[in-house]
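Going by the order they are written in, the chains are A, B and C; count residues from 1 in each one.
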Amino acid sequence: MSAFELEAVVAGYGGRAVLHGVSLSIAANGSLAVVGPNGSGKSTLMKTAVGLVRPTSGRVLLEGGDVTRLDAPGRARRGLGYVPQEANVFRNMSVRENLKIGLEFVPGRVRASFAQRLSAMLELFPELEPKLGTLAGHLSGGQRQMVAMAAALMPAPSFLALDEPSAGLSPRNAALLFEVIGRVARYGVTLLMIEQNTRLGLGAADEGLVLVSGEVKAKGPAAGLLDDPQMRSLYLGSR
Amino acid sequence: MISYLIATSALVIIAAIAGLALNLQWGLGGLVNFGLFGFYMLGAYVCGLFSVWGAPPLVAMAGAIVLVALASAATSLISIRLSEDYLAIVTLGFAECLKLFISYEEWLTRGTLGIPGIVRPFAAYVPQGYGDAAFLGFAVLCLVVVFAVFERVARSPFGRLLRASREDPAVADTLGKNVLVLRLKTFALGGAALGIAGSLHAFYYTYIDPTQFGTIITAYAFMAVVIGGRGSNVGVLIASFTVIALLEGSRFLIDVFPVLDGSQLAALRLFLVGAGLVAILIFKPDGLVREYRLRATRS
Amino acid sequence: MAQLLFNGLVTGLLIALPALSLSLTFSVLRFANYAIGAQITLGAYAVYLFNVPLGWPLLLSTAAGMVLAVAVGLLVQALAYEPLRARSSVTRLVASIGVALALENVVRFFAGNSPRGYGVEIARPLRIAGLRINQEQITIMLSVLVALVLVWVVFRFTRLGRAMRAVADDADLAAVRGIRRGRVVAMVWVLASALATLAGVLIGLDATLDPQMGWNYVLPVFTAAILGGIANPMAAVAGALTLGIASELATLVMAPHYRAIVAFLVMAVLLLVRPSGLFGKQWVAK
C-alpha cells in the first residue's frame, strides 16, 4: 500500500491552475524527489500535499485515507511534517519556542517529553545547541533551515515533506543535512522532497519525478532518471 | 411633503459629492480617508466664517475649496512613506483634532454656540419661499460639475496612473512617476470636492455647529463608494440616490413610528448604516457598477 | 510636577488596555480595528446593565459584563470579519468602521444619549507623599497592572500564547504545525473584548458613561499602539504610558481638553521620523 498519493490533482491560486492533473504515489517508508525548473509548480504540489492549497479536483490520500477535505492542522495531526521553502520558522520566536511549537499541537508518534525530543534534535543538529535562546529571525538562512527541519521532526512524523531543504546551506552542511535525512528515513519515514540540486536530491531518494509547467514529464527510479541522458539535457541541467 | 422631498434631496446631493470625493481618493487612488468628515467640516466652517465676515457666498465657497484642498495635501504629506492603515489613522486624527479646535476656539468659531446667519448664494435674487428650491438647483449644478470633472480625471492618463499605483505603488515608481506627488494631487483634488460639499452643508442649514459633524458623514461616503463599486463615479451617484436617500428619508419617519422616540430612531438608522456597510462588503464586494477600466481589460 | 507625572501614569494605564487589545487583534488578524472604541463603550454599558438596573456589585457586574462583551465580540468576528478573511486588510478596516457605528448605536438605542454613572460611592481622595490620589485612580492602577501581568504571562509562557504569537508571525506555518487558526482567533477576541470591557469600566469610573466615551479614546489608543510598533502587543503598553505622561505634561503649555491634539502631534511626528514605532525593534516580517 502506498503511504501517500495524489490522484489527478488540479490546483492553483485564485482560480488559476498551476498543477494540471498531477498523480504520484510514494510507498510506505519510500522517498520521492521532485525536480523541475523554477516556477514549474513544485512548491504548489507540496502545499497541496500538506493542505495549504486546496485542489479544485483530484484527491489526496494519506495512508490510504482520503484527506482532500482535511485542513493543514488536521493533516499535521495525522503525522504529516512539513518544512516550507521560505518562511520556514517563526521569526519572532526563539529557537527553543520554535521547537516547542513543533511538538505542542500534534500528538507525537512516539510518547516522549519535550526535553527528550529536544535532546534528540540537538544530537542531530548540534549547531543549534548554543542558539536555543536566539530569535529565529536573527539566524542565518542555513541555521533557519536546520531549525525548521528540527521543528518538523519534533513529533517524529510518519510522513515528511521537504521543500528545498538544502537551500542556503553550504555544500558541507548540505551533505550533513542529507545524511540526517537519510538517517531519519531509516527510522521509518515516508519522504516527499523537492530539490534544486538535482544530483543531490535524486541521489538521496528512491524515486524521482520531473515536473514541468505543472505536468509530470517523467517518473521512475531516481537512479534511472539521473542516468537518462535525454532527461538530463532537457530538464535537469548539466549539474 | 414637498419640503421633506427637498430636504432629503439636498442632503443626498451633498452626500453624493462627498462620496465622489472619497471615490477619487480611495476608490481610484487607494488612499483611505477616514477623516473625511474633518475636511468636510473644515469646508463648512471656512465657508460659514467667510460668509459671516461679509464675503459674498461664492467667494466664501471658493475660499473653502482652496483651503480644504491645501489641508488635504498637507495631511497626505504626513503619510509619505506609510501604508493605508496609517493614512487612515492620520486623517482620522486630523479630523478629530479639527473638531476639538473648532469646539474650543470660541474667539474664532464661536465654539459650541455655532455660526448662524450664513447667506446662501444668489439669495438676493430668489423670491421669498423659494429659497430651498433655488438652493437645490445650485447643489445639483455643483454635483454635475464635480461629477463631470472627476469622470474626466478617471479617464485621463492621470486616472490610469492612479489605478496603477493603487494596485502596486512600485509600478508607478518604476515608471518614473513620483508616487508622493500623485498622492498629494489626488488628496488635494478630493479635498476640493469636500470643500464644495462642506460649503453646501453650511449654505443649506445656514447655521453650523460642531455637533453636526461626525463619523457618520465618513460612513455615508464609504457606503456610497462601496455600494456603487470602488472607482465608479456613476456607481456613487446611483448608491447615493437610492440607499442614502432611503436612509435620509427615514429621518422623517418619526411621525409614522410613534413607538420609538427620535433618538432611538436615529440610533436605529445609524445601526443600519454600520451593519449595511459590513453586509455590502461581504455580499456585494464589487458594488453595483464596475470600474470604468475593468470593462475594457477584463477578459 | 509629581502630581502631573502621577496623573499621566494613570491616563497611560487607562489607554494601555485598549492599546493592548488593538495590538493583539492587529498582530493576529492583520487589520486595524477601528471598532475598539465602540467595544470600550459596549463593555462599559454591559457592566452598567448588571450594576445599576440589576443592582449587582461592581466586581460581579464587571465579570458578567465581560462575558456579554466577549459574546458580542465573537459574534462580530463570525458575522463580519470571518467572511472578509480572504480580502484585503483595508476591506476589514472599513468594515470595522461599520461595526463601530453599529455597536455604538446598539448602546444608544437601549441606553439613550444622556451620561450615566456606576453605582459606587464617591470616596475622599487620599494624600500620600504630597500627591492627591483618588480611590478610582488606585482602582485603575491595580486592575490595569493585574490585567497586564496576566496577559503578559498568557502571551509569553502558555501554550495559548505561543499559538497566538505563531499565528501572528506566520499563519500558514502555524497551520502546518497543527495550530487551528479559528480557535486562536476566537481566543484573541475573547481577550480583546475582555480588555476593552475592563477599560470601559475604568474609564466609566474615572469619568462618566456616555455612548461617545469609547470613540474619544480611539485616537490616543491608536497613537499608543503605533508608538509601540503596532504589531507588538507588550510594546503598546509602553507606548500608552509614554503618551499618557506626554499628554499630561503638555497641559503645562496647552489647555487640558487638547490632550487628543497632543496625541495626534506625537503620532504625526513619530510617523514621519520612525514609522516602525518607538519600541518596534522586533524582527518585522516582509
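What we mean here is this: contacts are C-beta pairs under 8 Å (C-beta built on N, C-alpha and C of every residue); 3 or more make two chains touch, one makes a residue touch a chain.
Here the structure is a predicted model, which means the values were calculated and not measured.
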**Asked** Chain adjacency by touch: line, ring, star, complete or other shape?
**Response** line
**Item:** Pair of chains ranked first by number of touching C-beta pairs
**Value:** B-C
**Asked** If you average the C-alpha positions per chain, which one ends up nearest the average over all of them?
**Response** C
**Fill in**
Most remote chain w.r.t. Chain A, using mean C-alpha positions, is B
**Fill in**
Whole-Å distance, C-alpha centre of chain B to that of chain C, is 30
**Fill in**
Separation of the C-alpha centres, chain A versus chain B, in whole Å, is 53
**Message:** Distance between chain A and chain C based on Cα centroids, please, to the nearest Å.
**Reply:** 42
**Request:** Name, in rising order, each residue of chain C that touches chain A in their complex.
**Result:** 159, 162-163, 165-166, 168-170, 172-181, 282-283, 285
**Complete:** Per the touch rule above, chain A residues touching chain C in the complex are 50-52, 71-73, 75-77, 82, 84, 87-93, 97, 100-102, 104-106, 135, 137-138, 151
**Complete:** Within the complex, chain C is touched by chain B residues 30, 32, 34, 78-82, 84-86, 88-90, 92-94, 96-97, 100-101, 104, 215-216, 218-219, 222, 226, 263-264, 266-268, 270-271, 273-278, 281-282, 285
**Complete:** Contacts from chain C onto chain B in the complex sit at residues 31-32, 34, 79-80, 83-84, 87, 89-91, 93-95, 97-106, 108-109, 112-113, 215, 218-219, 222-223, 226, 230, 255, 257-258, 260-261, 263-264, 267-268, 271-272, 275
